[in-house]
Amino acid sequence: MKKIINDPATVVAESLRGMAAAHPELLRVRTDPAVVVRADAPVRDEVAVISGGGSGHEPLHGGFVGPGMLAAAVPGAVFTSPTPDAVQAAIQETDSGAGALLVVKNYTGDVLNFETAAELAAVDGTDVRSVIVDDDVAVKDSTHTAGRRGVGGTVLVEKLVGAAAQRGDDLDACERLARRVVGRVRSMGMALTAPTVPHVGEPSFDLAEDEMEIGIGIHGEPGRARVPLTSADEIVRRLLDPVVEDLPFADGDDVLLFTNSMGATPLLELYLAHGIAERMLAERGIRVRRRLVGPYITSLEMQGISLTLLKLDDELTELWDAPVRTAALRW
Amino acid sequence: MGCTAHDVIVALRSAAAVVAEHRDELIRLDRAIGDADHGENMDRGFRAVVAKVDTAAPETPGAVLKLTATVLISTVGGASGPLYGTAFLRAAAAVSDVTELDGPTVAKALRAGMEGVIARGRAATGDKTMVDALAPAVEAAKSAAEAGEGPAKVLSVAADAAHQGAQATEPLVARKGRASYLGERSAGHIDPGARSTALILSAIAETARSRQ
Amino acid sequence: MKKIINDPATVVAESLRGMAAAHPELLRVRTDPAVVVRADAPVRDEVAVISGGGSGHEPLHGGFVGPGMLAAAVPGAVFTSPTPDAVQAAIQETDSGAGALLVVKNYTGDVLNFETAAELAAVDGTDVRSVIVDDDVAVKDSTHTAGRRGVGGTVLVEKLVGAAAQRGDDLDACERLARRVVGRVRSMGMALTAPTVPHVGEPSFDLAEDEMEIGIGIHGEPGRARVPLTSADEIVRRLLDPVVEDLPFADGDDVLLFTNSMGATPLLELYLAHGIAERMLAERGIRVRRRLVGPYITSLEMQGISLTLLKLDDELTELWDAPVRTAALRW
Amino acid sequence: MGCTAHDVIVALRSAAAVVAEHRDELIRLDRAIGDADHGENMDRGFRAVVAKVDTAAPETPGAVLKLTATVLISTVGGASGPLYGTAFLRAAAAVSDVTELDGPTVAKALRAGMEGVIARGRAATGDKTMVDALAPAVEAAKSAAEAGEGPAKVLSVAADAAHQGAQATEPLVARKGRASYLGERSAGHIDPGARSTALILSAIAETARSRQ
């Protein structure tokens, strides 16, 4: 295992310490349980938008803590949902009286741990709502299964709802907005290589030099299918077609296109893939009005990309454009 | 003849030792169809349980189980944390404040634990989860208790049934948890949570046997 | 080779097309020769700060094109200096009458190609100056050699001089400032893995599972020494000590600390390394006043980090804090 | 007996073919002590040269050399682009507008080319660069020309000397170019630019021999 670490057991704690040192003006870090909180929290009368999950997806979620996005982030161990007490601590640290909205990626662990925390916080008298993000079209959706995973769409939900909270929307409105965004966002990802979890010490799956995984998640879980490595054109088509056809996105739609690096895919390739996706969407008459290109929801040092499409309307466009000041997103 | 709080603590220590010993195996199982953390999660959690029961010294079996539940919930994380936590919490409620567990109480506690897992995780048998180890264990325990067996025997048939149940998850296609994302590709691997359930039950049964 | 590309020969051109699609409000891309130009160039009476070099170091330099930083970037083939005609095209596209400052990383190829372009532009009547960045303490400095490489310090020079140009400094002042920054910035890097150049198809060097390269450059050239992989503490010390001792940075100095990912090192590890560097600097009484943490000057999918220290004063701090609006740096 | 513009074009085509053939070898050499692009750079440049001389049809040897220089400068990039470009530019100036190159003119052009490389790159012999191939080539060409040899022979002794010079870079520690960053670790490898210089000179010499 090739990593710049001291000890697999302390990676998350040491990394959070470095993050706190790097962004004193934006955030503070609580340890035991670990929580990343806006430097100025609680922000009076502003709904606290909180998210979290296993570590290893940076900048998600800690990199999105700040004005216009998250009030707090709850980082678990690498690829492991945080425990309810940590989520509870985040709720307490950011409690402004306006309530908290938990943005939860749809994984059994995240759902159960955040659910428990929300129950506990309700007992304390805080109004807490949860919204589950499940945008991954690679996973068949069914009430008999765990359902779709939450992936790239999560970043967009956090930005948009964070903007709504900042403009003063109340908890009901924030919750409604979050559900609306979840209903309009779809994603799919692929990988060329596997990530290596520090405490495991070997790659999460084995992939031959000429293979790729299509329909991959962000936790090193294998994808839906292992197929021969093909051209960028073909890769983008294999991600984009199911995304477009799922909602479906149609001729004349205005969209936000989010081209995400899974971690180790260089920007050179990422922009290349983004250009292809823009071309293919144009061919379908789908109009890309906003873009996000970069490593925003990653899987340690995994090589690969994901594509996320969000159907825009005037309100969502305005919320997207609203100022944001976090370590990873800023305008 | 029954299990005291001290017996339960010894059994949990032994469970922690077995989980530590099988940490890498559980990681390997989870690597195949999940995210390779189940062994790490369980090991972290049971280490914390051992540390906590040592200092807190709870006085009834129910108190030990409840403490175990809270420690697991706040240290394991992932899917298994809340599920195992709920299982121990419900088991604690089921044994109430009795000071020694007899066969029927052990069987009842096991059933309550399973029901808690199902209530939280909504998995049915055959979904390739820890429920596939728990369900046959609960049935076997019930029969043994009804046949008048003591806690050691009840636990030992439960553990055996859990092992068979875990083994039987191998050909299944997962419908719950992270393995469900793989669809058909999840077949051909034992479910890590079912395996850890069987391992923990064995360790507890083994302790009960040696102390009876 | 595992890459999301169509054809090694068209990687840079296709990537630039995607970049143009991603940032229409910030930049435009000229092809043949390839140049990335500020959308609003030329900016009347503003010195045009221009940089460039081989591709594969993204976001350097194209990601730094925009108000408050670069007027244009000139991307060569992967790891290959651009040709003089491309540099000349950048000078022409941004010619505002205030002259151009070329920020050149000290590689024989970059120096020679930019030098030639500057000569040609001078013939056309444009006032062009060049500043060579050579901040890499891993390389022995000597007039008998090619001298030190330009690495992480380049990002800081581009930001600071871009800010000076935007506040209206003339070409003389910009050139003086650039030289002043070069005199106060030092860097060193290391790698855990090698990058793979698309047209080569195999990693630029071979490194065993338990080895790392110390004193590495950004072009897949091997480093100064191959040593056993050690802890993060030890790695940071091996980078930081030579950097601190070179200038030297001393007790009481105010500095900017730039912790850079070489591409594939995840943020989780990068923040961890950053935290260690902050701690070690504090132990020496060196005061970290500003930070930059992220993948800003990379080497394709190489795993590794570099540390850069800049000695701050009031003017430099103010220029660092001045607004910047580019694809990669924005505040 | 002398080399016409057409001969020079044929020689450049042959040089381009040899560079293409040795592309991977040059990449390998540059991978060891540089950034693995020398073969790609030279191949890209000489392909462009061939395409350009075909359409532009320059009429004197000097015009061919000048065109080659501009194409190399605007297509090769890296360190070798401006250096090879300058070499061809100075060689073009040295042959002026003569229509057929004789032995002494070839020798003079080679020297001018080398001086251009040194003027731009400031490398001395022994620095482990293309100068280590050029310098012995220039000396050998000079002697041959002074001995009254024609262009074919002058080029062929120059090429041989260049090969020896390139080979002799192997043990050297680089002091210029990218290889210099390796310090002592640069020893034990042939310099890619010296190797490409020798290859190109050989190709040109071979053409001259076969057409004489």
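A, B, C and D are the chain letters, set down in written order, and residue numbers restart from 1 in every chain.
Here is the rule we go by: a contact is a pair of C-beta atoms (placed from the backbone, for glycine too) under 8 Å apart; a residue touches a chain by one contact, two chains touch by 3 or more.
For each chain, UniProt lists the protein as follows: A, C = Dihydroxyacetone kinase subunit DhaK; B, D = Dihydroxyacetone kinase subunit DhaL.
Source: prediction; values computed, not measured.
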Here's a test of the contact network: exclude chain C and give the groups of chains still joined by touching. A, B | D
Hop distance check: chain B to chain D, minimum number of steps through touching chains? 3
Measuring between mean CA coordinates, which chain is farthest from chain A? D
Determine the centre-to-centre distance between chain A and chain C, using the mean Cα coordinates as centres, and give it in whole Å. 29
What is the distance, in whole Å, between the centres of chain A and chain B, each centre taken as the mean of its C-alpha atoms? 32
Counting only Cα atoms for the centres, state how far chain B is from chain C in Å. 55
By residue number and range, which residues of chain A touch two or more other chains? 78
Please set out, as single numbers or ranges, the residues of chain D touching at least two other chains. none
Draw the chains as points, connect those that touch, then say whether the picture is a line, ring, star, complete or other. line
Can you name every chain pair that touches? A-B, A-C, C-D
Note: in the complex, chain A contacts chain C through residues 2-7, 11-12, 14-23, 55-56, 58-59, 63, 78, 192-193, 209, 212, 229, 231-233, 235, 259, 263-276, 278, 288, 291, 293, 295, 298, 300-301, 303, 305, 330-331
Using the touch rule from the top, collect the residues of chain B that touch chain A in their complex. 27, 31, 33-37, 40-41, 44, 73-83, 120-121, 175-183, 185
For the complex, which residues does chain C have touching chain D? 33, 54, 76-85, 107-109, 112-113, 115-116, 138-140, 144-146, 149, 197, 199-200, 204-205, 217, 219-222, 224
